[in-house]
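Same chain, two partners: chain A is paired with chain B first, then with chain C.
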Partner chain A sequence: MNKYLFPRLFFLPLACIVFVNVACSQKYFTKNAQIGFFSDTPIEKIEAHNTTSNCVFDLATGRIEFSALIKGFQFERALMQEHFNENYLESDQFPKAIFKGQIDNYRKIDPAKNTKHIVRVSGELNMHGVSRSITAQAVIDVKDGNLKATSEFQIAVADFQVEIPSLVKDQIAKNVKVKVEATLKPLGK
Partner chain B sequence: MRTYFLLITAFVCLASLKAQQDDLLSLLEEEETTEYINASFKTNRVINFHSLENTAGGVLDFKIGHRFGTLNGGFYELFGLDNATIRLGLDYGISDVFTVGLGRSSYQKTYDGYVKYKWLRQSTGKRNMPISAALLLTSAVQTLAWANPERDNFFSSRLYYTTQLIIGRKFNESFSLQLSPTMVHRNLVRTNTEKNDVYGVGAAGRFKLTKRISVNAEYMYLLPGQVASDIKPSLSLGFDIETGGHVFQLHFTNSTSMIEKGFIAENTNSWADGGIHFGFNVSRVFTIVRKKVPVI
Partner chain C sequence: MKKWIPYLMILLAVAGTIAYMTYNKPHADAASERPEYSISPLGLVREFLDNEADANEKYLGKLVQVQGVIRTVVLNPNSATVTLETGDPMTSVLCEFETPAGLEALKSGQKVSIQGFCSGMLGGDMMTDVILNRCAL
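Take a look at the complex of A and B:
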């Protein structure tokens, strides 16, 4: 044991942490992910849009997470927005919708090459106090180091225990189309 | 010693990995936003009173107010159902905090108009504001034929003005309460014992029974010595029932008039004598100007 051993030993874990962090630091994010939903029935078309959702994607593991404030969804009609928050999604009690998932074939995404990748995303969507598994196809478009992710899928309103009174059941679709669009930039650079 | 450090190394690396796996969203700092508290009442009226709420910007609200006769009319009047007074009104939201309205009541053939500005909005988050407050200015012109056409009558004698401050809070999901200090000015009064300016304080609340049904109550206290002795304070109890674009308000009230100068300062019915009207308001909203929503 000599006197240099201690600094060397100290350096080792540090180097290791740095290495691990570098390896995992290929993260991408946005605070302006757009989420839209569309309810389409013969009587009424309803849509709402949220343009301030958070999204983080970890290129090293393929994990992707979204978070959207329910109150951030905007409707053309003020009363619909009020009812959406008060009666349907109960945003005071359940303020956020959160998706945590995994991109299956994430390894083929190379941020250095401008290409479009079609990928599969699966994970859990938590909304209105209910968690449901969701699987959807998404397109990841690599452009100049940024990733543009788009996806479209359907969710069943009843799955999330959103009650629709019989009086308006013909005006609100049982399955709502959800569109997601997020332009992700590298995190921490 | 060496093993010890290696262990730490391994542990720190793993922990670092683990932390990154757990919650990606926590990597983003959440910006604190101001969240406005909405829907303290289902519509912009409690029963007769203006509530804390405004008509949303770009929305037209068509109101039908209807009061049957009083219950003490007995069987002969079918407990009031033989008679009716109505008010038809239109409220329009210039913006989310500024509403204008017009109405016409059959009671004393009165036209009325108002402006209402919500200058404080209850909010949480970045800007924390415990209450909402609105200013209401109304005027009314009564167009009954002159009682004494032979004397000099002035148009100004037909005019009434109300200034009201509405201060309140949505305490939780189901309970909201408001106070409204009010001044009603009458250009002409019946006798010289009555004051032209009448001051009072109203209290109103609602309690939600279900998501779409609430029970509402309102009471107007008048300071003593301002009005004739037969004038009674207005007290109303009722339900709000919301069905999509409509709000139905069903209630019992001792006020015949549905506008401020009437139900505050001209109310002669008393609950004790059965001078109670059954009545309803129907509110139907139409979106005239759709909000611009950034679309994907």
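Take a look at the complex of A and C:
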């Protein structure tokens, strides 16, 4: 009998376990997801950007999760940022916005093939202590093993119990456009 | 001509100037203000992991100075992020800069002192970052 057989047999199951683990943990993530929102009224255009949001996507299950810190949204005007934090979203009390959702047709995403996929994402957005269902279309662009996810959708300010004082209600849109962009890399790289 | 008209006009001009200045007031500047706290990256992350609510109470919106070793530097066209080493690959302090200018020479492994406004903690079981925004070296 071959004297190398025993070590080989010993390592075979180990190799299988490692292989299976790698194949199952298809998590992708970024700490630099960009979330922007845009309030557009005839009187004033307001936008804010957050470049330090987290996003984790599990290609094995289609689960996707975003989290952003409210204080991480940067406005051009300090006064608006202050109102946004102190009066509207009350970020001392509710510091985070979290979206937990599911990509419907995730199985067609093959990280080995550079292709663009149009997918549907649905889930719950929790912000300002309120949870609301959200459904949006997103594009997942596979490029050299990374997934670039982009999406655009609208949210109604009133849905999240954000009270806008009547003095400025014409300056702030009732529906705010949200743009999301995240370049997700395989976890562990 | 009524005597009070010039006074009224001065009053309106003053009120208008104050309103205009309030509307356009600049952002608090991390570079020129004194930090309220100075702490190591590990110390900051630990406080958030131990009790997020207490740490939020203490640090949210405050100017925090962290002294430590750079883990990664990412320069974007209009922003930059520097992460600081905590000794645990799953946790870090993530510092966001509004411009990549002046950060070109930063390298991982280098010792730095960064101050920025604390926005809180992100992450969960998998990884945890404490985030500082509008940072300055």
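Criterion: the second predicted complex is superposed on the first by the 165 of 189 C-alpha atoms of A that agree within 3 Å, B and C clash if a C-alpha of one lies under 4 Å from a C-alpha of the other, contacts with A are read in each partner's own complex, and residues count from 1 in each chain.
Following the convention adopted for this analysis, a residue touches a chain if its C-beta (ideal position, glycine included) is under 8 Å from a C-beta of that chain, and two chains touch if they have at least 3 such contacts.
Keep in mind it's a predicted model, so treat the numbers as computed, not measured.
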{"item": "Superposition on chain A - do chain B and chain C clash or fit", "value": "clash"}
{"item": "Contacts of A:V168 with chain B and chain C, given as first, second, both or neither", "value": "first"}
{"item": "Touched partner set for A:K148, first chain B, second chain C, both or neither", "value": "neither"}
{"item": "Partner chain(s) touched by A:T61 [first = chain B, second = chain C, both, neither]", "value": "first"}
{"item": "More chain A residues in contact [chain B versus chain C]", "value": "B"}
{"item": "Partner chain(s) touched by A:K177 [first = chain B, second = chain C, both, neither]", "value": "neither"}
{"item": "Chain B versus chain C as contact partner of A:A48, first or second or both or neither", "value": "first"}
{"item": "Which of chain B and chain C A:R120 touches, first, second, both or neither", "value": "neither"}
{"item": "Location of chain B clashes with chain C - one stretch out of 45-53, 189-197, 261-269 or 279-287", "value": "279-287"}
{"item": "Intersection of the chain A residues that touch chain B with those that touch chain C", "value": "29, 31, 51, 54, 56, 67, 69, 71, 74, 77-79, 85, 92"}
{"item": "Touching residues on chain B, where the partner in the complex is chain A", "value": "1-2, 5-6, 8-9, 12-13, 16-17, 20-21, 23-25, 27-28, 30-31, 33, 35, 38-39, 56-59, 93, 96, 173, 211-212, 243-245, 285, 287, 290-291, 293-296"}
{"item": "Contact footprint of chain C on chain A as seen in their complex", "value": "29, 31-32, 51-54, 56, 67-72, 74, 77-79, 81, 85, 91-92, 95-96"}
{"item": "Of all residues in chain A, those that touch chain B in their complex", "value": "1, 9-10, 12-13, 16-17, 20-21, 24, 27, 29, 31, 34, 36, 47-49, 51, 54, 56-58, 61, 63-65, 67, 69, 71, 74-79, 82-83, 85-87, 92-93, 98, 165, 167-168, 171, 179, 181, 187"}
{"item": "For the chain C and chain A complex, residues of the former touching the latter", "value": "22-28, 56, 60-61, 74, 76, 79, 81, 83, 94, 96, 98, 117-120, 122-123, 126-127, 129, 131, 133-134"}
